[in-house]
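Below: a set of structures, written as structure tokens.
In the two assemblies presented below, chain A is common to both, partnered first by chain B and then by chain C.
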Partner chain A sequence: MSMKDLTPTRRQLLSAIGTSAGSVAAMQAMVALGHAAESQFTGPPTLSGARKGETVLVLGAGLAGLVAAYELTKAGYKVQVLEFQGRPGGRNWSLRGGDTYTEVGGAVQKVQFQPGNYLNPGPWRIPHHHKTLLHYCREFGVALEPFIQMNHNSYVHQTDAFDGKPMRYKEVATDFKGHVAELLSKAINVGSLDDKVSGEDKERLLEAMRAWGALDKDMAYASSLKVSGQRGYDRAPGGGVEGAPTPSQISSLSDVLDSKVWNQMGFFFNYVMQTTMFQPVGGMDMIGKAFARHVDHLITYNAKVVQIDQSATGVAVTYQDTASGATATAKADWCVCCIPATILGQIPMQVNDAMKASLKAVNYSASVKTGLEFKRRFWEEDESIYGGHSFTNQPISLISYPNYHYFKSGPAVLLGSNAGGLGGSLLAGMEPAARLEAILAQGEIIHPQYRQEFMNGVSVAWARVPWNMGGNSRWSDDARKQHYQNMVAMDGRIVLAGEHASYIGGWMEGALTSSIDAITRLHQRAQEA
Partner chain B sequence: MTIQTISRHVLAAALLVVGTSVPALAAGPGFKLPVAQTGEEIYVQACQSCHQPGGKGGSGAGSYPALAHNPKLGAAAYPITTILRGRAAMPWFAGTLSAEQIASLVTYLRTHFGNDYPAPVTAEDVKKLSVNLPTSGGE
Partner chain C sequence: MSMKDLTPTRRQLLSAIGTSAGSVAAMQAMVALGHAAESQFTGPPTLSGARKGETVLVLGAGLAGLVAAYELTKAGYKVQVLEFQGRPGGRNWSLRGGDTYTEVGGAVQKVQFQPGNYLNPGPWRIPHHHKTLLHYCREFGVALEPFIQMNHNSYVHQTDAFDGKPMRYKEVATDFKGHVAELLSKAINVGSLDDKVSGEDKERLLEAMRAWGALDKDMAYASSLKVSGQRGYDRAPGGGVEGAPTPSQISSLSDVLDSKVWNQMGFFFNYVMQTTMFQPVGGMDMIGKAFARHVDHLITYNAKVVQIDQSATGVAVTYQDTASGATATAKADWCVCCIPATILGQIPMQVNDAMKASLKAVNYSASVKTGLEFKRRFWEEDESIYGGHSFTNQPISLISYPNYHYFKSGPAVLLGSNAGGLGGSLLAGMEPAARLEAILAQGEIIHPQYRQEFMNGVSVAWARVPWNMGGNSRWSDDARKQHYQNMVAMDGRIVLAGEHASYIGGWMEGALTSSIDAITRLHQRAQEA
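Presenting the complex of A and B:
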């Protein structure tokens, strides 16, 4: 037996700890070994032994409500779900050809996309560390494919940089890096940093700047074949007689600063934006639909909750059928309330004042997402852009290219806006036709093919989504400090859940982790009752 | 398409979205959001998406309050505080709108949509209520 056989691998060690001492110990061990600190997820809840006949009412069939219904049913509870819409999933949503969408204000949009094309108006990308969501995708067999987050060949556009001409990310990012490296090495060489950097580190830093910035032998950032190896060539390398490449010309530091490319470089460093990211094959709503395959029979659709009462022995929720207007009351022993705070804050609910105040303390931000269908994939065919985003300082904020059906002929849908802030609310305040026109006018600055190739489009302004009336939660630091624990604390027989009741606001992972925590505490209390 | 036609087009788009005065355009082609000056421009940029054209409010599973004929605008501190700090689902605009912009906006709201509170609101009024404004965490 060799030493290799005697020394357990990390995996074997973790597996042994996991088997002998449970998942919490395995989790702690993994953290100690420098793994897994990126997620609090330690596995799905393992609730069991609900009292016979004990009932739970779940309000809202978004992801928080769906996971609650699924796991509580497994634990032995009798579950009923009330949902305002006629479909499961909540913000986990895709729009396809034939769908009709009516926004607050009454404007109706009929989606005209060709079969197979879709828009994910809500969540549209899944980080590799959102392990709860990935767990359920795995469990339900939801097929995932890569979501291209970073594309060196997409554009960076600023109306007041490069005369408003969109630049390829690889060009401006390489130039920014090169100029910064040259400046830092100059500062080192003239001794400006002597009090900060020691002799040996100086040498290493210079070495780093030379390599990182693609600097020449004189530590200058200059047009060369070496630099073109990063930012691209004037004539790209080829074969045969004319195979030799020619270098491209770098941009000046001042021009590169105008582009503000550090915003994109920083964006890609964000924890939640880092590769690898995923999307479900066929549309984000595949996840909600997968949950619904297990719990659809428990859901009452088109049910608008109008009042939530509780007593020492149970909950009573009054709801209205949105089609007939008829009211009914559902009763249960417990309630998991997953209605977004925008709506729940307006529903009379018998809970303590602190919980009520928490619903008024969390704000929401709202973006405008637009799906534009074009006759052909000109971004691929003409510009070699396959997935990823082009960024702009125009209100649309970005154009994002589809991560599926590459190279296919025929119509394709791209994301024509993900507009937030004042630019987003300006677009959201317009009627859909005017909104679409503004979005096309901004997009054609980046892709002049827009008008020629455009077929149809649909926009979703989250401020105007009737069943959510806002996009996703946004806590101020002060509100979080004062109200968050009051929101998540169980009050009698009612517990709240949703992305707003998490520190992962605006992400599906937040909805799921919030709900799993809520039902775990509910189950505990039910066992003690 | 020439640069001139692009510029004309962008100008048209800018006019279309703002609907009122001609904003100063950025140097390069493209539509850079103008800094709204008048109360009406600010309303169109920041408020109309929820409170709807004419301040008539909106409804879905819940409702957006109407600003038209709204007696809560009688005391200027109420709308100023609401805009600075947010209220319920409404986001805060501290850090997004300046004190001057908020003053213009509140003055506009108090004198339009059937509201008749003619006393103008000043940036000073807004600044007096601007202590411990909300800040956002890492999200």
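Presenting the complex of A and C:
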């Protein structure tokens, strides 16, 4: 505990601040007290002194492009945005009843959800520390509501565990920590860790194991009302004459190991998955739409970029109108290119080879996400599951329950798959109808009510999304080392942005922080030019 | 895994149900698959065949009394309710700006909160498995919103840990499981658990420890980007050129043991504390008010019960109008008495000695809850804490952040204390102004912004609440064994109800299930009489 010798005490610091401290002093105190910043975000970019009439071409109206257009316009630049699709937002996207989605291969899905129900095929949850995104939600008045990430009452399912029966997370997680605590206590008590743990710490660690593991007086993990007070009862406590509960039976260590529940226990500890998380009220695309309210007049929709050129004095981008097929060329002093690497890598672009190589170096993952509409919220009504995820080792990977309109009667949409890896590829290879059938067949293993209650569904296989051809970037450590700085370095009058040009790949925060960094450097370059 | 031999496989069961299964069959399947019911609640009571004109006197318009009045009236009984206070709900209670609260001792607090802000002095969160309560919320259209119970980003604070510095839960909880995983791995690898764990399970357990503990390739828990991906970074990941994160430094086992973080880790596993939890939109008293919309005309307010008599043919309850001092006697065929044991034990009542003894046998805990209004949501704006609790070993016990109006500008109210035990008694012994000062002094150790941002506060010490004289029941195992059935057994024409007459003490669900059991038995008795 050497830090005690090196730093003033908390009380000394607080005393030094005094009662007259303003909030700046209080914030400095927070830092002095060693609370690390959770985000590099310190506010929107301050781009002062832009030359009047200087022009910027932004390619792509996803979140990276939208924030670039918004902030550059505010700074005084004249901005034009070219967007392939007929709507803003890019992967910030929601599907609702009446929408039509055509995937690569030509299969068309018409969404049949009831009004108010939706699927977010792309991003679907916002970590509390994604401060850039939260800043713009606040600035634009995008209403947010909690996204239930962790639900002790949802299921964990492994086809080869518990005879294929889904277990409640609380059951197996309680049993996991109970067995771990019992085993570590035994190891301590036979002295096998004496060289690792001091005598005093041994006693404290045993106390910790007893409390955390819900062990009995003999330091054993055993079925009891105390343990049932965590993993659930056979008969729950009630009121009146028959109110007494009865305990449930714990699972053996070997059965718990079958369940691989530590994967979920670790998942919930993932920095970007930790509580509290949020979602926009009404669908994720509320964010893209909110940006578009400010920059929509700058966007040319249905514009497919086919060539990107630059000279010492400016950029020229050729694009095709996706309806008429007519081509045109847009010119500007500078270009912020926010097209995904999967697509951009196929477009002739006048940049250095290292930047081009970086576009090939970054991998993309491509999940299959499916919205299933059911006649009623059986997961709430029958199983007391409100939001959160059930996990399975089947290709669907999880079932995630809606975090809005809890307790409501009538049809509701859940996320029936978030399938990555091989399973995702298999599902992506199917026609939508067969894909849906496979997803229902896997889901009913967890919820027997599936077939009885199913109404309709829509699936988005990101590998087949025409305008993205993949889900989101996944840099390997090696590729990152070799190529990342080549991707983000400005080349002449062109700078790249997007979640692929960040260390927060796959998150909207990555797109925004990447874009803000890119336009900040572009602005500096423009002032030097 | 002997269960595999004894039970049909999941697939066999599902196949047996067939695709034509209705939801009753599906529910039976759920039970057959071994999913224990989470609640004894199977629907509201069915009290058919009540004799026309039969009368019931309900004492107390808390939730137990309200549900009794509501269901008995629906069943055909003629009900009168006597309530000490001028409002329905009892401990189902919210304080808002303009309210006045006078505690025992005479101190008056006038609540100064801004419109929309409130304190729930009594119950404040609803577990997802409290199905009776959720049933009535749904029946009455009480809107519910998530109560954020678990927040990885809030603080854990021990005055003698980390030099008194509050740590983020994610930091110490990640370090705790990392050290536990490393130690258990070492014990396994030196063979000290060979008699407890089979060879195959040893390998699987090591794999589990590596994943769950975020151990490195040498099975050590060490500072790294991987570990920072759980406990947080020194510099968080960002976008563009400077996007690379830097790792944070882990804490030593000894420091983590100082923090006693396993108490919080265990708390979150508590059956009644597990996610998902809810709260009514606008304040907890929305529930009492919803009941009152149906039974308000049956309630005599400001009626202090002073004597309870019964004969072979009916009950007679004498009460005093708290304004005028005038007494009156209400008569009925039956009585459901929902007055808290603390108060009821002091009222002359014509029941058997064993029932009277039971009222003395049950203990009550009495916390001190405090609502503090601040000028702004500094916990959200400065510290990215949205809902959830920070825990401390100071008397305040916790700081809990509001689960409504996230991101809103302007004043907000947090829960500044939920102080039980000795600390709670000390705070309850103070005058409200001194109590508030003590609570601020403790809270500013965790949030240095407290003094700068504080506006006003109100505290409720349950030991001083005139109509309850204590918080909620806490049965010891011995007292439960000796006295509980004597309390709940109907005596002649009187039956007791309330959270104290349940195995769900301190929860609204206990009050409701107790009351439903009581009126069901009363109804049976009435039909036999």
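Here is the rule we go by: the second predicted complex is superposed on the first by the 495 of 529 C-alpha atoms of A that agree within 3 Å, B and C clash if a C-alpha of one lies under 4 Å from a C-alpha of the other, contacts with A are read in each partner's own complex, and residues count from 1 in each chain.
FYI, a residue touches a chain if its C-beta (ideal position, glycine included) is under 8 Å from a C-beta of that chain, and two chains touch if they have at least 3 such contacts.
Since the model is a prediction, treat every value here as computed from it, not as a measurement.
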Report task. Considering only the touch criterion stated at the top, classify A:366 as touching first (chain B), second (chain C), both, or neither. Result -> first
Requested in this report: Go through the superposed model and pick first if A:478 touches only chain B, second if only chain C, both, or neither.
Outcome: first
Requested in this report: Classify the contacts of A:463 with the two partner chains as first (chain B alone), second (chain C alone), both, or neither.
Outcome: first
Query raised in the report: In the superposed arrangement, which partner chain does A:341 touch: chain B (first), chain C (second), both, or neither?
Result: first
Query raised in the report: If you stack the two complexes on chain A, which partner ends up touching A:428: first (chain B), second (chain C), both, or neither?
Result: first
Requested in this report: Using the superposition described at the top, determine whether chain B or chain C touches more residues of chain A.
Outcome: C
Query raised in the report: Given the touch rule stated above, what does A:163 touch, chain B (first), chain C (second), both, or neither?
Result: both
Report task. Pick one for A:351: touches chain B only (first), chain C only (second), both, or neither. Result -> neither
Report task. Please work out whether A:448 is in contact with chain B alone, chain C alone, both, or neither, and reply first, second, both or neither. Result -> both
Requested in this report: Check the residue A:395 against both partner chains and state whether it touches chain B (first), chain C (second), both, or neither.
Outcome: first
Report task. Return the residues of chain A at which the contacts from chain B and from chain C coincide. Result -> 162-165, 444-445, 448
Report task. Name, in rising order, each residue of chain B that touches chain A in their complex. Result -> 1, 6, 9-10, 12-13, 16-18, 26-33, 36, 44-50, 52-53, 58-64, 86-92, 96, 132, 134-137, 139
Report task. Over in the complex, which chain A residues touch chain B? Could you list them? Result -> 84, 104-105, 157-165, 304, 341-343, 345-347, 359-360, 362-366, 392-395, 421-430, 434, 437-438, 441-442, 444-445, 448, 461, 463-470, 474-480, 505-506
